[in-house]
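Across the two complexes that follow, chain A remains constant while its partner is chain B and subsequently chain C.
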Partner chain A sequence: MSATVDARGLSCPQPVLMTLDTLKTVDHGEIVILVDTDTSKENVIRAASSKGWQVRSVQPEGIEYRITVAKV
Partner chain B sequence: MGGRPITAMNIVCFPIGKLDKSILKEILRGGLEKIYEAGAALAGGHSVDDLELKYGLSVTGLVHPDRVWANAGAKPGDVLILTKPLGTGILATAIKAGLASAAAEAAAIELMATLNKQAAEVLLLYPVHGCTDITGFGLLGHALEMAQASRVTLTIETAEVPIMAEVLDHAGMGLVPAGSYANRNFCASSVRETGTIDPLLLDVMADAQTSGGLLVSLPPEVAARALENLHAAGIEQSAIIGRVSERSRGIVELR
Partner chain C sequence: MFSNRNLLATRWGIILVGAAIGVLAPLLQKLGNPGNMGVCVACFERDIAGAIGLHRAAVVQYMRPEIIGFVLGSLVAAYLFKEFRAQSGSAPIARFVLGVFAMIGALVFLGCPWRAMLRLAGGDGNAILGLLGLAAGIWIGTLFFRTGYNLGRTQANHSSVGWLLPMIMVGFLALLIVYPQVEGQPQSGILFYSVEGPGSMHAPVLISLITGLVIGFLAQRSRFCTMGAFRDLILFRQSHLFMGVVALTVSAFLTNLILKQFHFGFAGQPVAHTMQLWNFAGMALAGLAFALAGGCPGRQLFLAGEGDGDAAVFVLGMIVGAGIAHNFGLASSPKGIGPHGMAAVIIGFAVCLVIGFTMRQKSVRQPLKEELTAATKTA
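Moving on to the complex of A and B:
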């Protein structure tokens, strides 16, 4: 299963909450989270890691980041 | 630092079209309560219709010119005392997210509403060399300012720094405010880590505080007694968190 969380334009703690909500509904697979601040990037990575998800990649795209996390 | 407040003026920016006036009334009432507690008088104020709510006070006080506690007086050999635990920035983010427990929320509010008046009154009995209050730049930022102003190295024992309950858990969940990351990054070039510091602990050291405690540098021979008296005065979470180790260009060493 896969899902995308678009948290661009939102400030903390909103991106973290959206990520946590999505992680709750998906028990494994791949999730892509889009954010546009360094703070959101760090916090979303922590939120996913704290729930046992692995960070596959963090790709900068202009001023945005595309974070891919996965759980098998 | 080291002075006595005399008058205070309200400064308030309020979205009058968006929020109920009763909120404004409560804020001003709470502020007034604290002004009285501080022994000062409210002398008017300024209000602005603004998009985002802001409230503060402009305070004028008196201090003997020879007894100003600046952040520039820390001397090698001094002991560092911090009078409040850290974590209000991270907890405020957790509260906004609805993830803080009721107990943690109550503790954070109580801590933020606690004046530094009593701590200062206890510390006035001792030969304080340097003092600063911990606010938006976090312990790390304000300690660095003290180190640079005093041209010394402050050595902080991270395990001794008091931290509020749940703060490390919330930091691990990604509930760290932007200001705290900014503090951490801003201080990075003047902070030395001895051993491995847990990154979450580093974030708490850099966490932007609202109404934080006093960081005081005082001679080692009086530090234990000062701490005892702080505890006896009810400032129970105050702790010795490190020392001033040597002359330098201004460095904070975390251990």
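Moving on to the complex of A and C:
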């Protein structure tokens, strides 16, 4: 299963809350999280890693970031 | 993947930054800043409000260079690391009002969260009640987060929007240079200067400014936030930011011991009162307002330096709130709370609760799920 979380324009703690809530509903697969600040990027990566998800890629897209996390 | 990894945002990075602030603040106190007030964002913004005459409390008027340094140091860091992003539009008026009541709550306690830690590290037992209040206020804030509270999305904006608060700080610095303090005089040009009281106590201007710049730079890189420290611990059981706060308190305690600035007790502590219920309630109000606005007063300054126009509005709310707090007798003094401090705290809680209850994605029982459904599209 894969899902996308759009946390662009939202400030702490929303991006992390949305990411964690999505991780809870999905046991494995790939999740893409869109954020637009470096702080959100770091926070989302930290939160996903702490839940055992692997960060596959962090792609800058203009002023945004597309973070892909996965769990098999 | 992490070729440009931000070392100061790692666990050791945030500990290092907290420890650095914990050393620098007591040193500023040694060099002239008021007791257990080496750095206090709320008190210093209040002093700035006094310096430009937004209130006329003669003992707390001084254009604090630390605050100017915080914003400009963050601006420099944000540009150097390509993180400057001008953005705004996430309920600015709500942020202004939260800033006003955050300041009022902080001035009932007599300090921002940074000063609460510094007071504790200096032996002021009253700070324990303040810190408990802070945690309680932030906890209430997390209940709103759990039920879908947020102030809406911000939008990218003209770079100059992000520059406005930094430029206001440059303007403040220009005023400080053009109208420097004159020994024993309550006014220099258009600026007010305290001749006695906490406002008259300050480290040399250049040292204050440079320390502010250094802290602003470090805090921008590390995302240091005292409100986030408690919030993330309560909301996510995550201790990352909390380690920074612990490091600040421990290093400030050790520095105070070395500088012989540690004096344990409750009565007679510098710029503090012993009305414990109001130490608790004032800081609880401030903590709730910080949580709803997404950052402690320091963090709001650093965000404003990165171009966040909404954080800038919160900062202006705090400065105006200081004017209101002193003009209307809401702020405490070492003698105790102000004549209208209680009323202000109660009104502040009512306003924050209205903001928390009404600014949710959906005012139903499981709004997070619905927000999630809206935000998550199964691919």
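In this section, the second predicted complex is superposed on the first by the 72 of 72 C-alpha atoms of A that agree within 3 Å, B and C clash if a C-alpha of one lies under 4 Å from a C-alpha of the other, contacts with A are read in each partner's own complex, and residues count from 1 in each chain.
The definition used in the following text is that a contact is a pair of C-beta atoms (placed from the backbone, for glycine too) under 8 Å apart; a residue touches a chain by one contact, two chains touch by 3 or more.
Keep in mind that what you see is a predicted model, and the values were worked out from it rather than measured.
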| When the two structures are superposed on chain A, do chain B and chain C clash or fit side by side? | clash
| said: Contact-wise, after the overlay, does A:Met18 reach chain B, chain C, both or neither (first, second, both, neither)? | reply: second
| Looking at the overlay, does A:Ser57 come into contact with chain B only (first), chain C only (second), both, or neither? | second
| said: Under the stated touch criterion, which partner chain does A:Val44 make contact with: chain B (first), chain C (second), both, or neither? | reply: first
| said: Going by the contact rule set out at the top, does A:Thr68 touch chain B (first), chain C (second), both, or neither? | reply: neither
| said: Applying the document's definition of touch, where does A:Asp6 land relative to chain B and chain C: first, second, both, or neither? | reply: second
| Partner contacting more residues of chain A (chain B vs chain C) | C
| request: For chain C, sort through 78-86, 96-104 or 168-176 and name the stretch that clashes with chain B after the overlay. | output: 96-104
| said: Quick check on my understanding: which residues of chain A belong to both its chain B contact set and its chain C contact set? | reply: 11-13, 16-17, 20, 37-39, 42, 46-47, 50
| In their complex, what parts of chain B are in touch with chain A? | 93-94, 96-99, 171-178, 181
| request: Show which residues of chain C lie in contact with chain A when the two form their complex. | output: 1, 6, 9, 81, 83, 85, 87, 90, 145, 150-151, 153-156, 223, 228, 231-232, 235-236, 238, 240, 294-295, 310, 368-369, 371-372, 375-379
| remark: chain A contacts chain C in the complex at 1-14, 16-18, 20-22, 25, 32, 36-39, 42, 46-47, 50, 55, 57-58, 63
| query | Inside the complex, what are the residues of chain A that reach chain B? | reply | 11-13, 16-17, 19-20, 37-39, 42-47, 50
